[in-house]
Amino acid sequence: MGIIENKFRDNVIITSADKFMNWARLSSLWPITFGIACCAIEMMATAASRYDQDRLGIIPRPSPRQADLMIVAGTVTFKMASRIKRLYEQMPEPKYVIAMGCCATSGGPYWQHGYHVMKGVDQVIPVDVYVPGCPPRPESLLEGFIKLQDKIRRESIATTQAA
Amino acid sequence: MESSEVFKLIESKYPDALKSIDLEGIEQSVTIDVNSIADVCNYLKTESELQFTSLMCLSGVDYEDKMEVVYHLHSLLHDHRVTLKVELSRDNPKLPSVSGVWKAANWHEREAYDMYGIVFDDHPDLRRILLPDDWEGFPLRKDYVVAEKYRGWTIRKIKEGFE
Amino acid sequence: MDYFIQIVTDLLPGLNGLPQWLVIPSIMFLFGALIFTGIAIYSLIILWFERKIAAHMQDRLGPMEVGGWHGWLQTVADAVKLLLKEDIIPAVADRKLFKLAPYIVFLAAFAVFAALPFSDKIIGSELNIGIFYILSVSSVGVVGILMAGWGSNNKWALFGSMRSVAQFVSYEIPIGLSILVVVMSVGSLSMRDIVMAQDGGIFNWMIWQNAPFNFIAFLILFIAGTAETNRVPFDIPEAESELVAGFHVEYSGMRFSIFFLAEYANMLAVGIIASTLFLGGWQGITGASSAPGIGLIWMLLKGFLIVLVMIWFRWTLPRLRVDQLMYVCWKVLVPISFFNMVGAGIWIGLSS
Amino acid sequence: MPDLKTEEMVVQMGPQHPATHGVLRLEITTDGEIVRKINPHIGYLHRCFEKHCEELNYHQIIPFVDRCDYLAAMNNEHGYVMAVEKLLDIEIPERVEYIRVIMSELNRIASHLVALGTYGLDIGAITPFLFTFRDREKILDLFEMTSGARLLYNYIWIGGVAFDLPNGFVEKCFEFIDYFLPKLKEYDDLLSYNKIFIKRTAEVAIIPPAVAIEWGITGPNLRASGVDWDLRRDEPYSIYDKFEWDVIVADGRVGVLGDSWSRYYVRVLEMEQSASIVKQALEGLPSDENVKSAVPKKVRPKEGSVFFRSENPRGELGYYIISDGSDIPYRLKMRSPAFCNLSAISDVGEGLLISDLVSLLGSIDIVLGEIDR
Amino acid sequence: MRAYFIDIFSGVGSVLVGMRVTFSHLFTRSVTEQYPREKIEMFDRSRNRLHVDIEDCIGCYLCDKACPVDCIHIDTIKARPGEDLGLTEKYEKKKTFVFPKFDIDMAECCYCGLCVFPCPTECIYWISDYEFAEYDRSNLNYHFGNVTPEDARVRYEEAEKLKIQKDKEIAAKKAAAGTEIPSQPKDDSTESAE
C-alpha cells in the first residue's frame, strides 16, 4: 500500500496512526445507493427511522466516486456482473464490499436452476463480509456493518491487508 | 358473452382460419391458423360488439412435438374473455406479430422470442429483452442445455465436496 | 483591520523592529488563516447539527455511535476519511480544470468573509463599497462549478453545471435589488455604516424600517440566498435523484470535501449578509454593547439562526424543476423585488 | 460565426441510478434537457423464475413466487394459490379466505407506502420516505408475528395458510389501523398538497385512457387515467364481494386525469380503502376452524390449463398454468403488471424533461424483480 | 393576474404547512431501536436460522425432499446389526441411522421454512439467532453430523464388508438354486439415498 510496505514492525507511530486512520474510516462508511432486489428493500429499511444506520455514520451516496462501501444487495445476474465490476473499479481505494443476502453470497435460492444467475458475487469482486439471510433482517445488516468495522480496525498501513 | 359465441362469430367471419375448438376443461380455447392470426386479432379488437381492447397475456409454450403461442384477450367494455392458440413447428417457429393491433404485445413477443426463439415477423424491433444479447440458446425450451461458461463465469454450480 | 493590527502589535512587541511591508501582510495573512479555521470548524459543527436536526425531524436519532455522546465526532471522522481517500482524476477529464474547480468555488465563498463585519472592531477590511464587493466576488463561484462540470467530462456533471450557471446568474438580480433597498435607506455601501444605522434596540433594525418593503426585501434576499448556495428547493445542480450527484459526480476524497466546505461557507456567508443588512449585524437586542466579544457572538448567533432555517427548508421541501426555477426567479422574485424597491424609494422619499 | 453544431446526446440512465427503482437501464437520447427517445433495457434481474417453475412442485414454487414482486409477496402468493386451487377446484374454509384478504390488503398498504416514499425521494423530498418506512415497519411486525418473515413470507399455501393467526394479532391490527389513518393526513400536508410537489407532478407525463389500455397498463395507473376497472370488484375473486369499499378513480382534483399527481394520489386513497377492508375483515373473522384442513398432501392437478388474474398493488397479476397431471407444472407464465406498465414508458416518456421522466418513472411504481422475473 | 398571486400565496402557504409538520416532529420521540445497544426480542415464529437436534433425527430425508433449494445434505449409515441407538427423546421413535454428514448450507437456504413442517420428530426448527455474518463463505455451511470422520470411515468399511458378504450369499443361493432365479430380496441399501 505504499513505500512503507512491510518495512516496519508495530511501533508506536505506526500503530497510533493506524488506530486513528482506521477509526476515521470505520466510523464513516458511505455506501452507494445500489440495490438490486429484495435485499435493497431491507437495506432501505435499515436506512429508515426504526433501525437508522445513520447512527453508525452511514449515509448512502449516489455516486461511486464518493462511496467507500458497496453493499451488493440482491441477486447478481450475468448481465449485471460487468456493471458491478465497473462500479467497483470506479470507487476510490480504501473500498469494502458487503455481500448482502444469500443471492449475493452464493446464488442463494437460484443456485440450482438459475442459468442467468451468478453463483456468488465473489467471482466478480472481492467480498469482505457475507451477510446471510433471504432477505437478512436490518439487524443482521447492522451486525454485518459492525463485523466490517472490526475488520477495518485490524487493518494497518504498514502491511498489506490479508487477502 | 360466452367464449363459445365468440368462437362462432370468428368461424362465421374467418371460416378457414379456425383449426379446432376446445370447449371442455376450465379454459375454452380456439386454435387459429398461423398466418391469419393478425387479421383475426384485428377483427376481435375492432368489431363493435366484441371490442377485445386489452391483451391480457401472450405466452409461448413448448410441447414435445409443437410450439404454441397463447393469447388471452379481454374486453373492458363487455367484460368477456377469450383464449386463442396458434400452433407452430418446433424447428423454425414463425408467425405474424400482433404488436400492430395491441402495443402491449410488443414486449410480450420480444420475451417469447427471447425465451423460446419464436420469431414474430414485422415486429418493430425483435431482439432479446431479458437475456444479454450475446446469449446463445433459448432457455425455456424443454431441450435447452445450460452452457458450461458464460464470459468466463461458470453457470452450473458444481457443488464441490457436497455430493 | 487596524484594530486587529493594533491588538497583534500589542501582543508581540518584537514586531516593531521589522519593516512595515513585512508586518502588515503577515498579520493580514494571520487574519485570513483565523477566518479559514473558523469556517472549517463552523462547517464541521453545522454538518453534525444538520444531521442531528434532520434525524430528529424524521423521528430517528442521527449520528450516535461515533465519539461518545450523540456522535459529536462524526463529522471529524467524515472529514479525516475524505482526506485519506484515494484521489481519482478520471483519465478522460480535463486535468487542469478538474483540479482547479473546487478551489475556485471555495475561493468565491471565502473571499466574501473579507468584507463581513463580525463586530464593530473585528472586520476584514472596511471597504466603503463593502456590499458591492461581496456581490461581485460571490458570483465567481459559478465559474468554479462550470469548470467542475466541464472538467469531469461526465454527462451528468455537464447537466448539473449547465443548470447551476442558469440558476446563479438569474438569482443575482433579486439579491441585488433587495440589497439596493437597504442601501437606499442607509445611504452608504459600507457594511459598517449599514450596521451603525441600525443602532439602538431591536426596533431600529432594518427589517422593520419603511414598513412592508424591507421585510419583503429580507424574504427575497433569503430565498435567493438559498438558491445561491444550491440548497433545496433549488438544489438542482446536484439533484441526487436525477443527475446522480450533479456537478461533483466525479469528485472523490479531498476535492469533494472542499466542495462541501464551500457549500457550507456559502450558507454561512448568506446568513451573515442577511443578518448584517436586515437584523442589525453585531447589535444586540438592546443595542450595541461595548465589550468586543459580545458583538461577535450576536453576529454568529444570527448567522447560525438563518442557516438553521435553510436546514429546515432542506428536510421539508421537494425540489423544483429547472424551468420552474427560472419561472420563480424571473416571473416572481424579480418583479416583486423591483416593485418593492420602487415602493421603498417612494417611502424613503416621502418620509425623509 | 458558423451556427453551433447541435447534436443529440445519448445518456445512459444506467442500472445504478437513484431514480430507476432498481436495476433498469434507460438509454435516453436527449436534446439539451428534453428527452427525444427512450430505449429501456431490462433483464438485469432475470432470475429464471419460469425455468424454476418447470423443476419444482407446486408447494415449492411459493417461495419463488414471493421473490418476484418482493414488495407485495402476500398478493403474489394469493394470486398463485388461487390459480392452483382453480385448477384443483378444492373448497377452502371461510376463515382462511378472511385471513388471506387481511394479509393481502395489509401488504397492499405496505407496498403503496414504499411507492409513495420512493416517489417523494425522486421528487427531492427526503422526509416522507422516512415517515412512510416508519409506518411500514408496523405492518412488517404484524407479518413477522404471523408468518415469521418480514418481507418474503411463504405464508399462503395451496388450500390454506401456514399458521393460524397468533393470539393478540387482531388487537394489534386494530391498533395499527387506528394509528395509520391520521398519518395519511400527515402525508397530505407534507407532500401531496405541497405546492412544489404539485408543480412537479400535476400535468406531467399524462397517460390518456386509450393509451393506457393500449399498452396494457393496469392497476392504480389505469384508474388514475380515469378507467374505472378494479379486479377485486369487477371480477370478484376470494371474498372481496363481502365487503363494501369503493374503487378509487382519479377525479382530476389537482391537475389533469392521468398525470403523475393523480397516479400518486390514487395510491394514497387506495390505502385508506384497504385499511377499511382490513377492518371489516377483522370484524367478520370466523373463529375456530382448522386453517390447514384443506391443504392437500400431494398436489397433482389433472391435465388442463388455467389463466387466473388478481389485483396486485401494481396492477393485474395473471398466472397461466398448464399442468400435465404430475406434481410439477408443465408451464407457468406470470403476467406481471409492472412489465406492461413499464413498456409504456418509451411511448409516454418522449418529449419530457429529464426531471419529468424521473417523475413519470417514480409514479408508475415499477418493481424490477417482477419485470425481469 | 389574479391566478399569479393565488399561485404565490398558496405556494408559500403549503410550504409553511409542510414546515410545521417537520417542526412538530422535532419534538416527537424517535422510534429508533439502537441495535448494538438494545436488541429487540424476536417473535417466536420468526425464521432467523435453522438448527437441528441430531439426537432426535431418524434420517427420514423428508426435510431434504421438501426443500425447494436442496440446501440440506444428509448422509446416513445404517446402525450395526446388534447396535442399539436408543430412542429419540421427543417421540420415542427407534433411531436406526448415524449421520456422518448432516449439512445445512445457510448461504443457499431461502429461509422459507418448508423443511420444518414435514419433520416427524420436530428436530429441525428455527432459532432466533440472526447475527451470523461471516468473513469466509464456507463457514456459513452448518454441520450437524454426530459421527466423527474416522468413526464414519470405520462404519463405511463395515457396511462395505456387509454388502459384499450379502452379495456372496445371494450369488451362492442363486448358484445353488440352479436355473430358476429366486426373486431378488429387496436390498434396501440405505447408502446415500439422494
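A, B, C, D and E label the chains in the order they appear, each numbered from 1.
Everything below uses one rule, namely that a contact is a pair of C-beta atoms (placed from the backbone, for glycine too) under 8 Å apart; a residue touches a chain by one contact, two chains touch by 3 or more.
It should be emphasised that the depicted structure is a prediction, and the values quoted were computed from it without experimental measurement.
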Please report the smallest number of touch steps linking chain A to chain E.
1
Chain E and chain B - chains in contact with each:
A, D
Quick check: more C-beta contact pairs in A-D or A-B?
A-D
With centres defined as the mean C-alpha position, give me the chain A-chain C separation in Å.
36
Between chain B and chain C, what's the gap in Å when you average each chain's C-alpha atoms?
63
Rounded to the nearest Å, the gap between Cα centres of chain C and chain E is 60
Separation of mean Cα positions, chain E and chain D [Å, integer]
31
Please list all residues of chain C that touch 2 or more other chains.
55, 57-61, 64-65, 240-241, 244, 315-317
Quick check on chain B: which residues sit in contact with 2+ other chains?
130-132, 139
Set of chain D residues in contact with two or more other chains
18, 43, 46, 48, 51, 63-64, 67, 127, 130-131, 134, 137, 152, 190-191, 194, 196
Chain D-touching residues of chain B, taken from the complex the two chains share:
25-27, 53-57, 59, 61-62, 70, 72, 76, 79, 83, 102-104, 106-107, 115, 128-132, 139-140
Please name which positions on chain D make contact with chain B in the complex.
42-43, 46, 48, 50-51, 54, 86-87, 213-216, 227, 229, 234-235, 304-307, 309, 316, 318, 320, 322, 331, 333, 335, 339-340, 343-344, 347, 372-373
The residues of chain A that touch chain E in their complex are 49-52, 55, 102, 105-109, 111-112, 120, 122, 127-134, 136-140, 142-144, 146-147, 151
Per the touch rule, the chain A residues reaching chain B in their complex are 78-79, 81-82, 106-107, 111-112, 115-116, 118-119, 123-124
Touching residues (chain side chain D, partner chain C) in the complex
9, 11, 17-19, 33, 120-127, 130-131, 134, 190-191, 194, 196-197, 199-200, 353-356, 358
